[in-house]
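Both complexes below contain subunit A, partnered by subunit B and then by subunit C.
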Partner chain A sequence: MKNEEMETTYTIPVGPIHPALKEPIRLDLKVDGERIVDVDVVVGQVHRGIEWLGMNRNNPIQNIYLAERVCGICNISHPFAYVMAVEHAAGISPPERAEYIRAITAEMERIHSHLLWAGVAAHEIGFESVFYLVWRVREKIMDLIEYVTGNRVTKAMFQIGGVRRDITEEQFPRIRKTLDYYKSIFDQLKTVFLDDRTIRMRAKNVGVLKREDALKLLAVGPTARASGVAKDVRQDQAYSAYADLDIKAVTPDILTGSIVGDVYDRIIVRLLEIKQSMEIIERCLEEMPPGAILAEPKMAKVLNTLKKAEGEGVGRHEAPRGEVIHYVRLEAGRETLATWKIRAPTYVNLMSIPTILKGGQIADVPIAFASIDPCISCTNRAMVVDRKTNEKSIMTYEELHQLCVEKTRRLSNGLVK
Partner chain B sequence: MEILNPEEIVESFKATLGSNFIDSKIYQREVALKKNIFTSIWIYVKRDAFRQAVDLISKLQEYPHLSIISSSDLGDSVELIYHFAIYYGHHLKGLSLGLCLSLPKNDLKIPTITDIIPGAIFTERETQEMMGVEVVGIPDNRRLFLPDDFPEGVYPWRKDEKGPHDLLRVLPGHSCHSEPLTPCHSERSEESHTAQDRLREETQEPWEKK
Partner chain C sequence: MDWSSNSYSLTTVAIVVGSIILALLGAFFGLLYRGIDRKLAAHMQGRIGPPIIQPFRDIRKLLAKESIIPDGGLSWLFQACPFICLVVSILLLTYIPVFGQRALLEGYGDLVLILYLLIIPSLALVVGGFASSSPFATVGAQREMVIMMSYEFPLAVAIIAIAWRISHVTDINPFIFSTVAQYPIWNQVGPVGVIGSLALLFTLLVVTPGEVAKVPFDIAEAETEIAGGLLVEYSGRNLALFYLADTIRAFVMVSLVVALFFPYNLSPVIGIGATAPAVIVDSLFFLLKVFLVMFISVILIRTAMARFKISQASYIYIIAMTLIGLVGLILIHVDMIV
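Moving on, here comes the complex of A and B:
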């Protein structure tokens, strides 16, 4: 019996160049026919040794810009966690106004990241019109980010002890205008993503992660919240302006009354979080106190303080994909950090991938994998290994994507008939 | 679930671990306008009581969130910090709890905690390959980030002779900031420095030559 099983199982390595997203990662899928029996995640293709550079080459201020480049999408979240860790280690307190500006930029990042993900998810199931619609809508927030920070990506807003740019009264109307635009189209977005039957067919009961599994596998962010785990650093721990704002973790039962933990629930959570982010930005604009934006504007002085400082600190921030944590250790007399440990949310969310994919179909892999919004890159090919003959065949990104798209068509046609 | 304050948490560690409890630190600061308190706790324990301490954390919080294990090369020893987050799901009650252990360089071993927290597997694998700390009883012994052809016995986060100094490609005219610590290694690095100097001389523009 076991032998037979062996002969009927195939291994499909998907990636390192991948059907779902931007950066490389390899999934080894063991399949029995169309059904996925086991999954192994192989990472490390883009390990750039950023922590090593921070411990050996850069000084702590240069590291802010290095932290920004950990991820193109979360280029506010990483510096956010990093500067908090350094501030805790060196005992520097940022002014209150800076805390609010930090939260505003971080929430803008969440809106653009969630919209970006929604577009990718639509593309994965072959719903190209929604992909275009969402990415067109996303341009508005990108324009706003550029207006406020001066750049679309790598915004260089953060500084140890505050932020580098102020948000002034004159800028408020422009910010409110963009928020009003999103408010006006929010119901439309909600209808497209939650009521469309194509999306419901492809997302409901697909890629299920149960609450207990999410807890055991340390899932974070929307992946955890969609499974009913109310983990959200903004709600849990007092940091930055979030401590003032009574934030509540978004779980899908707010809308549907139940928690399934499937792809559909992850869509709900992200959609509602876009609304939550808009509310946070509005409240921050209302309550933002006047005052300085930097604890110490002279960077040479800050650098000198950090060189003499001795201590350790940990900074946690809720990035769009979940908790990001930076640990920093400073030693007196050392120009660089003594220890720097970065943990991005996908690092822990990847451990849930085997559970999410197991029992599903190959054609569901792109959408189910994309549903945790992994921050690691995109596909060109997958290799199919036939266990019996040990023959290898390359499955291109287009073929795998085609499989996923065809499934949508098949299901839609079935419905029409 | 009863939520303890930081002092009570430290007390419960003291009471449970007895002489295996070494030290503790409570770090608190006020944030933003409402002056809510950010808290992080650091608990230093002996290795013998490590699993006992993790069990205690699992009692404070069902399914404690292990964010990451960080490791620092401190010369004679390696310090591991297990960064936990407890009391999540409760508004502003959550806190960071760092469980700190010091392992002597000649005995870099730590028991696995994947039986208590299955999601610890990635960070245990990473600690093993990057710092050379053996995780005893780890269910998956493979490397995580390092490629299979990465040399054995070299650990990128180490600052001693087992660090990645020989693997660095240093551009001509630049020096490597990471200074090897041991004498045997400085000899080797001197050799590589002469090789570097040669390269530098070869690539120097005429006006840069002395």
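Moving on, here comes the complex of A and C:
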């Protein structure tokens, strides 16, 4: 039986360079005709050593700008999680107004990211008209982001202990105008994405991730929520201004009454989240308290505090793709971070990819893979390189397990001492 | 201009010269229509789009580029396929009435021959795809075969239905274009038959994007899925030939629809007797008809839809389109009884 299978299947490498992928990753598809029998995900093409730079070259404030460059789309989410982690470690608390500004920028980023995704998804199924339409609509939020933060991407809004730019009363009408624009076209977007026959044909019952699988494979963000797992960091462990706002995780059954966990459900979740983000921004504008935007405006002073500080901190933020975690450890007397660990949402969501793709058709691969909104530059955080031979290798499960056991032993020995 | 009325007087020279002229005209208008198609589609999508002459530039550029032949591929077959594809596309052009004139090789072959010839360019693409020995091209070739087998039946149903209806009003061979032009289908049928003919027209309009591999039926090339599929390994001159053949094939396919359903000429209507002005008027009218058919069956459909999966596309052709075609056939039959 196995031999027979070997004869009829062959491998199609999707990636590292492939039109369906916007970033380098490799999916080795074992296919039988059009049906996908097995999938192997190979990462490791965009490792840039960002964490290493953060631990060896940059000081914690310079790291904010490095964190922004982890990902071109989530350049609010990463600094958000990073500054929260450092603040946690050093015991700094930002003023309340800064928390609101952080939330506003983060929600603007979510709107733009979800619209970007919608365009990419349309392109993946060959629906070019919708792709151009959505990206044109997205320009409005990009203009707004530029208006508020001074830049379309890499916004440089964040600072340890607050934000670098205020959102003033005079800016409110412009922000509301853009939000009103999106409200006015929201029903149109919904019609295009949820009622179009060809989109339904390509998205319904494609790339299904069942609730049990989503839980088992630790999916996060819209991927998990579309499978009916109502988890959202903003809801579960409300942080920053979100604590005042009482946010509910969006699941597709709000609209359809049922949960399938297919690509269509992921479209629904993202569409509804655009609406949710608009509501959050509006509430933030209304309830934003007056006051300072930085806990300590003198950066030299902040740096000094951080140099003296000792401890570890975790920052968690619900990025457009799911939960992003930054972990930092500060050592007294050290200019750089002692440890910096980033865990981007795609890292965990990639685990679901084989389950999502298996049993589907080759034609489903682009849209099903894109439906988790993968961000590979976020994901690639480690690589094993032999210094002498410059050879790259992949660690197996057993090796990693062995390392894990050794480390636990080391740690527990330390505790006993 | 009446090349074929008494075929025995047709010299080989006339055929050769005529074919060359037709090939040049076909290539020119094929590329021009491709440019118009791209420009209009761009405007419909809110883009500026490329200049209309862009396809000509593409061809010039491709011809200047290196043709790379994959290591694992069958070199001679890989290089022969673009030629076969182009030659047969031009051959098709000589069998189909274009520019309001009779077909160049009328009398040497009929609609049934065209049905068979239409398969060959696709077949050349399939063979070329398999000869590339790339997994993407292999998947593309498999898909092209499936789609080819799927649209062949509704296409045959539509063409045969028309010929069959015409065979009831005349004793001349109904599979020849001049007969179809002499007895336009719309003039032969009553109200029920008109509905039936519309169903057949609809079938052909939906078959066209499949035949010319455009969204939603560009499954064999599907850029985001299989990276260009059949054509993934083709480059330089070989790709230019396929490109040219593709534009000519689109022109041929649309001309076929025009010849079957709109074989009218403008010159008798507005009363131009002289040969030269009549040819000009009829040619322009023909180009307009081609544009209208292409606008509906290629440009509109491709901007309004997402790409189908191969299973969905073959379902649409084998089940839905064939059924619509058969309904058209039955309606025409009912029309005759009533």
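The criterion applied here is as follows: the second predicted complex is superposed on the first by the 373 of 417 C-alpha atoms of A that agree within 3 Å, B and C clash if a C-alpha of one lies under 4 Å from a C-alpha of the other, contacts with A are read in each partner's own complex, and residues count from 1 in each chain.
Here is the rule we use: a contact is a pair of C-beta atoms (placed from the backbone, for glycine too) under 8 Å apart; a residue touches a chain by one contact, two chains touch by 3 or more.
For clarity, every value in this text was computed on a predicted model and none was experimentally measured.
Once the two complexes are laid over each other on the shared chain, residue contacts for A:231 go to subunit B alone; subunit C is not touched. Once the two complexes are overlaid on the shared chain, A:314 sits against subunit B while remaining clear of subunit C.
Judged by the number of subunit A residues each one touches, B leads among subunit B and subunit C. With both structures placed on the common chain, the touch criterion links A:57 to subunit B but leaves subunit C unconnected. The residues of subunit A shared by its contacts with subunit B and with subunit C come to none at all. Chain contact summary for the complex, subunit C toward subunit A: residues 41, 44-47, 135-136, 138-139, 142-143, 215-216, 218-219, 222-228, 303-312.
Remark: subunit B residues 27, 29, 31-34, 36-40, 42, 63, 65-68, 70-72, 81, 83, 85, 87-96, 98, 117-123, 143-147, 156-157, 164, 176-178 touch subunit A in the complex. The part of subunit A that touches subunit C in the complex is made up of residues 10-13, 18-20, 31, 33-34, 122-130, 132-133, 136, 196, 198-199, 201-202, 361-366. By the touch criterion given at the top, residues 43-44, 47, 49, 51-52, 55-57, 88, 93, 96, 99-100, 215-220, 229-233, 235-241, 243-244, 246-249, 287, 289, 312-314, 316, 323, 325, 327, 329, 336, 338-339, 341, 343, 347-348, 350-351 of subunit A touch subunit B in their complex.
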